[in-house]
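Dropping a structure here in structure tokens format, bear with me for questions.
Labels run A, B, C and D following the written order; every chain starts at residue 1.
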Amino acid sequence: MILTLLIHCPDAPGIISAVTGFFHSQGGNIVYLDQHVDKQAGVFFMRLQAEFARDQYGDDTEGSFLKSLEEDFTSTCARQFGMDWTIHREASKTRMAIFVSKYNHCLYDLLGRYETGELHTEIPFILSNHDDCRPIAEQFGIPYYHIPVNKENKAEAEARQLSLLKEHDIDLVVLARYMQIIGPGLIGEFTNKIINIHHSFLPAFAGAKPYHAAFRRGVKIIGATSHYVTEDLDEGPIIAQDVSPVSHSHSIPDFIAKGRDLEKIVLARAVLLHLQHKTLVYDNRTVVFA
Amino acid sequence: MILTLLIHCPDAPGIISAVTGFFHSQGGNIVYLDQHVDKQAGVFFMRLQAEFARDQYGDDTEGSFLKSLEEDFTSTCARQFGMDWTIHREASKTRMAIFVSKYNHCLYDLLGRYETGELHTEIPFILSNHDDCRPIAEQFGIPYYHIPVNKENKAEAEARQLSLLKEHDIDLVVLARYMQIIGPGLIGEFTNKIINIHHSFLPAFAGAKPYHAAFRRGVKIIGATSHYVTEDLDEGPIIAQDVSPVSHSHSIPDFIAKGRDLEKIVLARAVLLHLQHKTLVYDNRTVVFA
Amino acid sequence: MILTLLIHCPDAPGIISAVTGFFHSQGGNIVYLDQHVDKQAGVFFMRLQAEFARDQYGDDTEGSFLKSLEEDFTSTCARQFGMDWTIHREASKTRMAIFVSKYNHCLYDLLGRYETGELHTEIPFILSNHDDCRPIAEQFGIPYYHIPVNKENKAEAEARQLSLLKEHDIDLVVLARYMQIIGPGLIGEFTNKIINIHHSFLPAFAGAKPYHAAFRRGVKIIGATSHYVTEDLDEGPIIAQDVSPVSHSHSIPDFIAKGRDLEKIVLARAVLLHLQHKTLVYDNRTVVFA
Amino acid sequence: MILTLLIHCPDAPGIISAVTGFFHSQGGNIVYLDQHVDKQAGVFFMRLQAEFARDQYGDDTEGSFLKSLEEDFTSTCARQFGMDWTIHREASKTRMAIFVSKYNHCLYDLLGRYETGELHTEIPFILSNHDDCRPIAEQFGIPYYHIPVNKENKAEAEARQLSLLKEHDIDLVVLARYMQIIGPGLIGEFTNKIINIHHSFLPAFAGAKPYHAAFRRGVKIIGATSHYVTEDLDEGPIIAQDVSPVSHSHSIPDFIAKGRDLEKIVLARAVLLHLQHKTLVYDNRTVVFA
């Protein structure tokens, strides 16, 4: 069994020594450790993976062993250093809902990866404000919910979204070119659990029609940005970015076509980092472990 | 003798045929041709290089041959299609002045390239608002003018700059991390002849301290942008951009250190494109020929 | 109607002028022209697009207009300069067969693009030496042929492949991680019409297991290469390449996972360039027009 | 005082806990820790930085404090786990000799960085098999030794090189486009202390004239590789690589010009990593800490 520990807490001397000592004393072999200190903010971040052999939990199940380890950690390291922390078991799969509008390249890409086994996840449903992508959902055998959104029904639509997410026990919402603003209620319930792809190199060209804006400005490189969604549109913590060169010879449709490849790769990269518990959010920035 | 022709004019059928026919009829062999049409604006751009053998100008000097060719071009193609055009002889070197403040990595890089023969240019002088880089100028044997700039003497400083540029017959001003705003008089006289390097991926983080702003925003990629200087700060036509990945583990000084390499490479790339007559400006964007 | 002309021929003065003059005289408006001269080899390459308005073919159909234009071109420019040339009509779709073995990420990616309308093509069938990808073909409603290949049946397998390709009138074969060597008969019939993706930065790590070899060598960047297939394994003309940074912290499975994204993007890029008639092959290299 | 510890040793449970405990008990605050396990080889690698406040060494000098700490480490962690290790003090500057032949772009770049203060190093001398770069050395006020190398004098030349390196107490030799093969005697004395820049994306195009070979192969990307020098030419452990896109439109001189920028950036990156004690060599590969 491999456990993944994510920590952030006020920086102090002795944290690494204490945590590695703790896992060592519990019989775990540390197979990964990376840490980061934000010196300005005085905050310590760590990701640690420890491996436990079958005979180390004795007669216990994995579950009861983990529970006891968590209790010990709480009363020792976590208390001593005032830690925010989570421990993840390799076995448990994240349950991920995909929201999409009409552009389907990110959806196809995520579903292809899902089928291929690249993503350690379950996809209980796809949700859209349009009915266009239903055939794709059917092609991949995934339930599809069509929840139209307009000026009048925003609150109601959000309520339906929230109830679906809870009913299906969703841990992560991926906005795969979902072109509606996510309501504050949903953001509040899924803090740092909603990943969006924006089709520009943020903070350049936030908002609508970024490729048109990039074309007008005459940039020589376009980009895509995946980020956690916060109430400030396109302002959330950035997880991954990538870019592609363009020239005067590219039209806006060329930008859009090149951008599709960027968008799907960057979104998938961010989703994968999240699923592997490699991201921590602090002060509207991310720590992304290698 | 190789001649380089740059054209822009209203788009119309038959331009390429007319221009290539013209050079063919003059005995030139076309060794390069690239063209671009901005369909929205209805503007045609072309760069063409034609080679003329020694015996083609007969008893004439290169200069008189060129003059006669230019007259013929003016009265035929140029008139017919209403062209803005220039013809450049390979032999003539651009005269380039470098403006710098205190950061000297771009200056060192340009001077190293100059010594190595990478740049087809002469550098009559280096100008600075500080005296710090004087030893570098001396090291490379290039005159150095120290023109301090402050609130009170802006107009006077600009007048001295302009007079130096004219006295030395300068064709191109390169701002190699020159941290003062260029006055409108100088911009007016050197339209599309002043190249700046900005240490961000424009339009993101225009203005002062872009690395600090990029750090605060938590971007995963930093960039640099070289552009022609216009009266709107950091808003001029972009010539070249490049980027470098960063992570949470990089501090602001790390951004600055990584950025230095970007800045010097991107600035040199833009300068080289300009010196090779590969850039055309239209509608605050550049056409950059390959 | 837009026509795309691809030419290569011995370099000579006056080609551009003659060709543009020809299209101008036929009433076409040249909307794209790019050319290249391989000076060492003395070969001229050109891609040109010309637009013809509806009233320019008079009572003719597009087909008869094109036929007449081709005849005129043959007897003028083509004869004068000894050209190899093709003219492509925008309307006609390339018919593309996909060969695949077990890895399915490139297949999913191509089919996603096909559904999205990114590829101007028809896909009459998918062919594999295994039966594993059949469900994907069914998911997308495309016929699937399972032709096992082993030491004994190579000739027979190749014969069946060839007969399928001819029966379905295939113009382009895409090897989307097809792990068998293509027979010389098939290569002979489809010269510069078979595109392969190799999972390394060729010529580094040709042959089997390139990610394992890259890991052993300790490279800091991995790559993928798409190329036309020739009889020399992994030695054909390169169409597109891309790379991705790696570090000591990446295992071979990490290389493979990162490589999948490279492979699918690079293969799709090459396929798209071919479908848009932007590639020319000469001397085992490609000219790839912008 | 900041100390940097580099370790490699057989992998075993408890190393991180023991080492961090050791530094904690000595009063150090761990400000950086990164580790890597090569699972196939069963080897553990670690880089750790610990900060000690002035009052922690009491009446001792830094030197005597460090000596005592090293003795303690030797008799505890190092012995227990069979470690290869080094501890570096921030204060001590690496003494770096530069070898160069005729191409001077890497030399200019390193000297520019040296002047700017980018490199934490001293440069006691520049050595060359030609006299061409002497003016550059003089320009920067650095001693220059001209040691010609030919078939007859190889052993003697190597002896003179070695004696200069020892006399000047050199820790690192940088081959900044030095076009002679380094003798085995020198390599033996400076194992993992000689950094070369090769002008290709190794292992592609090892040996002479890589840009010519890359051009003939028709690659779409060129690269540069910095590596530690071993007796196998161009086969040593890779420290850094980078690449740049090329196209059919680039001639061999274009490859060479683009390559210069790659070479100088990649060489400087490797030198900087070495000077910051961020590299470890194992099994002809490098671990490069962030």
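Quick note on the criterion: a contact is a pair of C-beta atoms (placed from the backbone, for glycine too) under 8 Å apart; a residue touches a chain by one contact, two chains touch by 3 or more.
Here the structure is a predicted model, which means the values were calculated and not measured.
Chemist: Among the chains, which is located farthest from subunit C on the basis of C-alpha centroids?
Modeler: Here the answer is chain D, farthest from subunit C.
Chemist: Centre to centre, by mean C-alpha position, how many angstrom separate subunit A and subunit B?
Modeler: Going by mean C-alpha positions, subunit A sits 43 Å from subunit B.
Chemist: Starting from the mean Cα coordinates of subunit B and subunit D, work out the distance between those two points in Å.
Modeler: 36
Chemist: Hunt down the residues of subunit B that sit against at least two other chains at once, touch-wise.
Modeler: Only 247, 249, 290 qualify.
Chemist: Take each protein chain as a node, join two nodes whenever their chains touch, and name the resulting shape: line, ring, star, complete or other.
Modeler: It is complete, because no pair of chains fails to touch.
Chemist: Touching residues of subunit A toward subunit B in the complex: what are they?
Modeler: Checking each residue of subunit A against subunit B gives 36, 38-39, 45, 201-205, 217-221, 223, 237-243, 247-249, 251, 284-288.
Chemist: Write out the stretch or stretches of subunit B touching subunit D in their complex.
Modeler: Residues 104-105, 108-109, 112-113, 115-116, 118, 136, 139-140, 247, 249, 257, 260-261, 265, 268, 290 of subunit B touch subunit D in their complex.
Chemist: Write out the stretch or stretches of subunit C touching subunit B in their complex.
Modeler: Touch residues, subunit C against subunit B: 13-14, 16-17, 20-21, 23-24, 29-31, 33-35, 37, 245, 290.
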